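Listed next: structures, encoded as structure tokens.
In the two complexes that follow, chain A is the common piece, with chain B as its partner first and chain C second.
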Partner chain A sequence: MKPIPIPSEHTRFKINSAHIVYEVIDGEAIVIHLTKGYYYSLDKVGTTIWNLIARETSWTPLLGNLSEHFDCEPLVVEKTITEFVQELYEEELILFQESDSAIIESLIEKPTTNGTHGSHSIFTKPILQKFTDMKDFLLVDPIHEVDETGWPHKKLTL
Partner chain B sequence: MIFETSTQTVSENTEAQAYFQQLQGFFETSLLKSGGPIDRFYQIAGFVLRFRFSGSGLLSRFSPAFNHLLIPASDHSDLTIYLWEAESVPNITPLPWSSNDYLPMGFIRGYNDERFVTIFQQESRALNMLDAVTNEAVFCVPAAKKIPSFENGHPLIPLLHSWLARHERQLVHAAAVGKPEGGVLISGQGGCGKSSTALACLGSSLSYAGDDFVAVRVSPQPFVFSVYNTGKLEPEHLMRFPHLVSFHRDQKEKSNEKVLFYLHQEFREEIISGFPIKALLFPEVVKGASRIFPITPYEALKALAISTVSLLPGLFDLSLKNLAKLARQLPGYSLELGPDLSAIPALIEDVISRAKR
Partner chain C sequence: MIQCESVQENCDKMQANVEFSLRAKFPERYEQLFQAALLKGEPAVKAWSSYSTNLSLPEIEKDFESEPYLLLPLLYRNLEDHGQSENFPTKYGGVYRYTWTKNQSLIHDAAQTIKLLLNAGIETLILKGAALAITHYQDFGVRPMKDVDVAVKPEKLAATVRVLGKNGWTLRASSQLNREFENAAGNRFDVHWFVGGDDWKRATPVMVQEVPAWTLNATDHLNLISGIYKWSVLWAADTFMLINHSSYPIDWNRLIKCKNDATHMLALRMALHYLSVVLGAYVPQNILTDLTHEKISRRTYLYFVAVVCPAQANSEHPFARLRELWFNYCRIVPSKNFLLSPLEFLLYLRYRWKLNRWWKFPLAAFARLIARLPNLSCAKK
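And then the complex of A and B:
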């Protein structure tokens, strides 16, 4: 099993857009993982983080933004956000990219300029809800064999 | 996107182009055996579609679902679909791809790009291929009789979805009832009560545009187009619809699956080709009295997306964006659907009049 990375100042986040589609409406996101056949809903705090990830924000500015935006002890924010981005990574909804440019970005980027409007909200633990009832539809068995006339058909499993 | 894109550009995908031409050649050869093409023209979602059948097998399976949209033969068509059975000659083989090239939802690796869509439907063993530049498509199956009966209710979904989406029409897994001045889209996952709600409106002042898949134009104002005149019910629910029982007997359907109705045959005057959408409705079967209450745009999008995105092959991002536009523009309501179906038309009329205010 792939180890779960720990975000650092070298980390830049990215939506796993080869495998997912998502939409944000009224401050909440719905995310569909097309290859796994799962869909997810994110609450408002989760969606705030998601929107920052969608801008390929790196770790330090992301933390800075959220600490500015939410009324909460920065260490608590850091711990909670670390767990949350790791959960998103485990579900293969986002990618971690390690690069030196993330450090440079953290030096030049001002926290409150990145979409959270600088207003103070109460910080609650972000929630990622997972639903599996699309799986049967999306994951149609792709394995086929070819019959004697050349037409594909389902591979029989014994 | 993993299911549908290729790094090949339109001009580079010569394999897809060559195979599409080969398939058209197979169709032409099939005409030698079938005795010539049978053309049917339909006005679907504002476009003229020509279905060119070789033989009567697929004609008799597919045309009843579209008969309410039949138009006289035309010199012009926006899309031509060539349909034939390959059981005898000519076959479509050898296939130019390997068994490793079948991707989820039936996409064929290397044969899908901006121009071409190539999808193999596992259940019916149908090969669908669209050339979006020439606006031509092929649909080929080993034998029409082997197509699962549930597909009679909504034929050609992969091709219609792939082509209509390129022309600002979104297929939505939904029923629709209303009047020329406005109506509702009724969506939700299978078994939520979409069909019961729509069929309960037969005989009321609300006309019927479909109960399974409809086409929607999102902008400038949401508008729904009927695609299929079919209705489906679980056999055990049939007795709740007395007006459909005798009709069902006439149709002589024999199946343990859902009972399929071609409503154009018996309820021609109650079918409507389309109307502006005024609200989104999401039924849920309950034991108590039927009632309606508003839901948030987020809840509406979730219900729309879950029921539609998983059933349509490809263009997932576009579909989700279109559904989100609908959820943002239109009021959404949850319909608790009780056993007394006679109350449903009035509740829907109320939703429509609320949306107009």
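And then the complex of A and C:
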């Protein structure tokens, strides 16, 4: 099992586009690992992070942006986001690349998140939902077998 | 003379009926759904507003759980783009997610397969929904697909079947027109070989997830899908996208020349008339006029009423399906006489019902009749 890297100020993230496709629908990122046949869904906080990663943001600006956006202790944000990006890495959804520090400093423009500049949202632990059997998953009727939130959320049967 | 006039009057009446027959198949509120899904700007917003305010939620749900279901992803995306999705029932937005996910899986497997075929020296022409999702819709979430249709050259068919068989594809169904394959993921790959040499010469290059392939040009694609007799909302949407959103204009004269069968011509005319009236499709007026002047035979009219507009043809009748098969047979077998050999029709039925023994015939016919009787009793209620 390959070791999970710890992001540092030299780390830049990249979507593993050779194997995955994704789309953000209604503020929720849907990611499919085409080779493994796995379906992932990210909640709003996870999608915010995902959007920053999609812009190949480096670690320091990413943390800085999230700390400003969310009303939470920066250390808590850093610890939680570290675990989250490591989870994305383990699932082979993103890649870690070690960049030159000069390149990082040249990224003067801070990437913006979906929220209004200056506003603070409540920070919750980002959630990555994983569904491993896409074939069965796609057998769920998207009208009759789902709850009011729609596919892929199955209707609870008693 | 009197007899000729009465026949002519009959044909004129049929002509008038045919122009409106697609409006009988698609209720008026479907027209608003087409407009809300396919148009841009104020017309789309107005159509959705009209549709959603004039119908109750149960009525909308009834529509969304029948044929217009196929338009849901396109409708959802268009309303999202116009900032109108807050009135769109949340549950049905999931259909876009479903369609996107399903199509990504389909296209991925298809791309890998097209690459294998290319490595084996077999060029592939991608057709219908998958092709239009790439070239016209440009969004894998809006165009539902059950499979990916491709064409190969006839001399490459055997090699194609071998390559697919060695790479995880199992033959699921075959006919004189196609071979349908399925893989372990449940994705389907439908291989055709009916595309003529001239269509290949006019084909345009396309990338399927970075794998090079070909697709029909817009005129040839329109020729292909406008010949589909069982009109559905999806075929209407595809036809509209080809007419209004192609990079190059449609070669209308060539398209009409391709239609050397009266029923094909009628299908095209109905499609173009309906789309130009309901959606403002860019069909030149002289083309519509030329098509309208084509006289319709009684046989053609009856076929269309039976197949394209079953609502008019009383589709709940237990023998409605048999009538449809009869007209299909009439269309396929050229004959100067409308009264065709009953034995030949029975042979055709045996082929369609996949019966390998004649003694199974009465049982198969009886089983089909029994299966239709509940539909008849429900319809009466």
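By our rule, the second predicted complex is superposed on the first by the 118 of 158 C-alpha atoms of A that agree within 3 Å, B and C clash if a C-alpha of one lies under 4 Å from a C-alpha of the other, contacts with A are read in each partner's own complex, and residues count from 1 in each chain.
Everything that follows uses one rule, which is that a contact is a pair of C-beta atoms (placed from the backbone, for glycine too) under 8 Å apart; a residue touches a chain by one contact, two chains touch by 3 or more.
Computed from a predicted structure; not experimentally measured.
Student: Of chain B and chain C, which one touches more residues of chain A?
Tutor: More residues of chain A are touched by B.
Student: Now for A:127: first (chain B), second (chain C), both, or neither, which partner does it touch?
Tutor: A:127 contacts neither chain B nor chain C.
Student: Going by the contact rule set out at the top, does A:32 touch chain B (first), chain C (second), both, or neither?
Tutor: In the superposition, A:32 contacts both chain B and chain C.
Student: Between chain B and chain C, which residues of chain A are contacted by each of them?
Tutor: After superposing on chain A, chain A residues 21, 23, 25-26, 30, 32, 34, 37, 39, 134, 137-139, 142-144, 146, 149-153 contact both chain B and chain C.
Student: Please give the residue numbers of chain A that touch chain C in the complex, ascending.
Tutor: My answer: residues 21, 23, 25-26, 30, 32, 34, 37, 39, 134-135, 137-139, 142-144, 146-153.
Student: Considering the complex alone, what residue numbers of chain C touch chain A?
Tutor: Spelled out, the residues of chain C in touch with chain A are 64-65, 69, 90-98, 100-102, 104-105, 108, 141, 184-186.
Student: Sort out for me which residues of chain B touch chain A in the complex.
Tutor: Where chain B meets chain A, its residues are 1-3, 86, 91-95, 99, 102-106, 120, 122, 125, 142, 189, 296-298, 301-302, 305-306, 309-311, 316-317, 320-321, 323-324, 327-328.
Student: Quick check: in the complex, which residue numbers of chain A touch chain B?
Tutor: 18-19, 21-23, 25-26, 28, 30, 32, 34-35, 37, 39, 41, 131, 133-134, 137-146, 149-154
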